[in-house]
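Two complexes come next, and they have one chain in common, chain A, joined by chain B in the first and chain C in the second.
Let's look at the complex of A and B:
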């Protein structure tokens, strides 16, 4: 497994250079905020390279944003503003278009602040908050406009067959990620939470064909030679965003003696539960999968669907404890964290620990104390 | 058959404690300021507690470290968080304890526990120094009072002046302006104690607080806070004779229940 994660790391280390090279050859690059509402298939079908801007966890990026926006925004979103303006995340310097699904005021802030302060072309993509017919039409309208935009920047018309091919490619990737994830229903899990998260994060940036090949090797490897992890308390890690580079919480949990067996996040963890079907109206089918079938994050109303899904995950993955990792000022997640523990206890007899981060390194000590206490109690 | 002696050590942000535990209870303890070298204070604390207990280091069967500096204790056999240890220690001293309020130098916690002393839930505030030992130190200086007299003097006032700032820095300026307005110092002190207590009370409301409540940590020495908490929770609050050593005591109890270390 180590060999495979290292292979991914070295691919990611050269990816920036690869993209610079591809741009020289005329390819376009479309970045997007990885909340799960941007169909990458459209980017791929237009011949452009999709890059999920999944990096976070960096206090310096959050600090950089303070000259452009007040403090009361989600730490991940402030970090994107910091990265985008400073170029601290090199991918922001390579974008021909930045698509931002606007799910709440925090993602809107990324869109508006970067639009005002940088030369990056921004495509704000509205995501409605209720799953109903009119909301579906609104989302589909966004998908159509995004397709037109992708065609405009690449100068390529997206054909039915190109889009279908892209859907099948992305389905393959999702299927493999899901397969690996489902293998973790066994106790002990055959790979660490840290490794799974690294693969999932990698999928936002890596070349699709490379990633699919790597995921296939991971499946083979796990089936032939599962990692011999001890049986330890099984943790569901959930929250607003788990960004690439925001490794503190994952490391602390696994060092304190927990096995993370499943993650559920709005941003940073690719939604891999639903594939896109292929039929005559591909754009409508994309909207169906990316919007109607997607388990909604906290800001959707009513929040029940997400909480039901979390309870289902707790049961399916035989979870012993839920760790709720929210970022500072993402108030929609805070709202749920007050009342969800009671439901969780009643319906699944599982306790929950709430953690909050502003990507500040000084948080690690108290966070460790909370996590160790929580896992110690689960182990009894 | 050797002596069954265990030790616990708690390296906190402001103070550190060691407890030597025998079969019949505490044999000796020590309390020291943590300072800038937690490793050294751990050593000194342990030596002092051993001397007071009249126990040789070799006779200690195992040592558990707790507190935020728990990983800085090279001679400990195991580390357990202070949340778990405070619950255990408070339960040992007051077996009916089901809720622990711990206010230390750098954070405050509310812990609920079961009849065996195991943690069932907890809430912890560590975002700022608000309502902690450090906060009281700053306020005592601003009010030109000894820290040890702050609580008692606050009880001399019939009512407190409302204090709205809980940030240590802003609360200090608020206190200074109240002094300038000519408010009685005792009333300001009482206001400060009420403000700290209601902050802890709001944190506790997130959990299922049950009686009995035991108050631990250095701030439990402050009578003003104890009284204000009793009013808010509408029940008496247990205060150990030495509230600062409860974490170290819990650690020693865990060392004892795990038995001697493998040698």
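Let's look at the complex of A and C:
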């Protein structure tokens, strides 16, 4: 497994240069905020390179944002403002278009602040907060507009066959990620949470063909020679955003003796539960999978579907404890974290620990104590 | 038999006979909000020093607010069906529901009512906030204080559990999420009116027509649900009826905002604030008491303008601000004492007219289109653009962008508004982090230095011009 994760790291280390080269050769790059609402298939079908701007965990980027917006916004979103304006995340400097699914006012902040303060071309993409017919139509309208925009910036007409091909490619990637994830229903799990998160994060940035090849190798490796991980308390890690680079909580849980066996995040973890069907109206099918079938984040109202799903995951993955990791000032998650533990206790007899982060390194100490205590109690 | 509170109700425009008539309601309401004899000297001092109660119009508005409070807290005891809506909300649906439903239904925005009464008059909001902090909305997380007040009001049993909540999901995330929290605790039904603020910077006043179709459809869904759940049918006719009733009120509000631009400024912003917000929070007393109260106030203010009377010296820098504190008059007075005339607000300059070629197919779409033109529900840019245009057209000397720190749609403009308004108009703008709804952290003294420095700069600039 180590060999494969190193292969991924090595690919990611050269990815920026690959993209620079591809741009020189005329390919366009479309970045997006990785909340799972932007169909990458459209970007791929237009011949452009999709990049999920998934980097986070770095307080210096949050600090940089404070010259452009007050502190009362989600840390990941403020970090994107910091990265976008400073270029501290090099991918921002390579974008021909930045698509921002407007899921709530935190992502809207990224859109407005970067639109006003940088030359990056922004494409806000509306995501309603309810699963209703009219909301579906509005989302589909956004998918259509995004397709037109992708065609405009690339100068490529997205044909049915190209889009279908892109859907099949992305379906393959999702299927493999799901397969690996489902293998973790076994006890002990065949790979660590840290490794799974690394693969999922990598999928936002890596070349699709490379990533699919790597995921296939991971599946083969696990099936042939699973890691001998100790049986330890099984943890569901959930929350608003788990960004690439925001490794503190994952490391602390595994160092404290917990096995992360499943994650559920609004941003930063690629949704992989639903594939896109291929029928006659591919855009509608994309909207169906990305919007209607997707388990919604906490900013849906009401947010019960996600909480039901968490309970289902707890049971399916035989979870011993839930760690709810939210970033500062994401009010939807904060609100749900108040009443969900009671339901969790009643319906699954599982306790929950709520942690918060502003990507401040000084949080690690108190977080460690709380995680160690929680996992110690689970083990009793 | 006179009681301890008679004096303050008298100051607030109640006649002795009315106090007698309402005594039972008053006592039950005071008991619920926790006001007793020990509070009266403080409340009286607050009324005399912070509100211009020498004006009959002010007394009448305070009376309307108190009557609204009584209606709210006693609604269930008095056998009414209770409907709450969120703040801010698109103007119209609440009034239309109210006008169609009659006496047996209370429709209002409980948190804004509590701010203007329990806060602005009685100065007793802290227990509400503390109750909310232990009921799912803890401190230190930038959670909306207005939602805390609603939550605390329910937790303390001051305001009744509603029969229906209209959650405005088209503007902020917090309001509808806080309503969801209350639904989890109390189980009442909620209708979420959704929308998507996905316009690009620079797009206002244009917009994607699909936004109107979506938001309009959501508003139509609200009316359908109100009919289904409560048996109240809302139609264009209801809206017309509501508008006809409120025409006098809105015409007087327009006159008042216009009078506020006089030099010297004739009344404190505290007065205009309580007048304007009455219509935003109440669909009952604003309609029944508002027109007379506003008309009385306008006549008195007109008299002040004619006689050249002002609460500040003539020539004081004139400032456009967003709104006044809903619960603490001391903040507005501090700004005025610093020498700034809070002469205009976001609503002083009305939005543009509807494009007559636009085809709108339902009442919901008409309301959505109207909301979009206002700017604030359109986008951050639309909001900032309306602000800049108002400041320029009214020839303001400065702008105070007092943003509600825990309201994301407003806080989003923390830096952008200042940058944009100054670039567009050249008018100096102070970005001031505030809390309109409660002032434990953002009290007048916490804001004074910034405001005084800004005022000094505006005076120097004006003198130099």
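Everything that follows uses one rule, which is that the second predicted complex is superposed on the first by the 380 of 380 C-alpha atoms of A that agree within 3 Å, B and C clash if a C-alpha of one lies under 4 Å from a C-alpha of the other, contacts with A are read in each partner's own complex, and residues count from 1 in each chain.
One rule holds for everything that comes next: contacts are C-beta pairs under 8 Å (C-beta built on N, C-alpha and C of every residue); 3 or more make two chains touch, one makes a residue touch a chain.
Keep in mind that what you see is a predicted model, and the values were worked out from it rather than measured.
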Would you check which partner chain A:365 touches, where first means chain B only, second means chain C only, and both and neither mean what they say?
-> first
More chain A residues in contact [chain B versus chain C] | C
Where does A:220 make contact in the superposed view: on chain B (first), on chain C (second), on both, or on neither?
-> neither
First (chain B), second (chain C), both or neither touched by A:351 = first
Tell me which partner A:373 touches in the superposition: chain B (first), chain C (second), both or neither.
-> first
In the overlay, answer first, second, both or neither for which of chain B and chain C A:69 touches.
-> second
Counting only touches as set out at the top, which of chain B and chain C does A:159 meet: first, second, both, neither?
-> neither
In the superposed arrangement, does A:277 touch chain B (first), chain C (second), both or neither?
-> neither
Chain B/chain C common contact set on chain A = 338
Within the complex, which stretch of chain B touches chain A?
-> 68, 79-84, 107, 118-122, 124, 126, 206
List of chain C residues in touch with chain A within their complex = 136-138, 141-144, 167, 169, 172-174, 176-181, 183-185, 190, 192, 194-202, 208, 210-211, 213-214, 217-218, 221, 379-381, 403, 405-406, 408-409, 411-412, 414-416, 419-420, 433
Across the complex, what residues on chain A touch chain C?
-> 67-70, 72-73, 102, 104-106, 108-109, 111-113, 115-116, 122-130, 132, 134-135, 137-138, 141-142, 145, 298-299, 301-303, 328-329, 331-332, 334-336, 338-339
Chain B contact footprint on chain A (complex, rising order) = 338, 351, 365-366, 369-370, 372-373, 376-377, 380
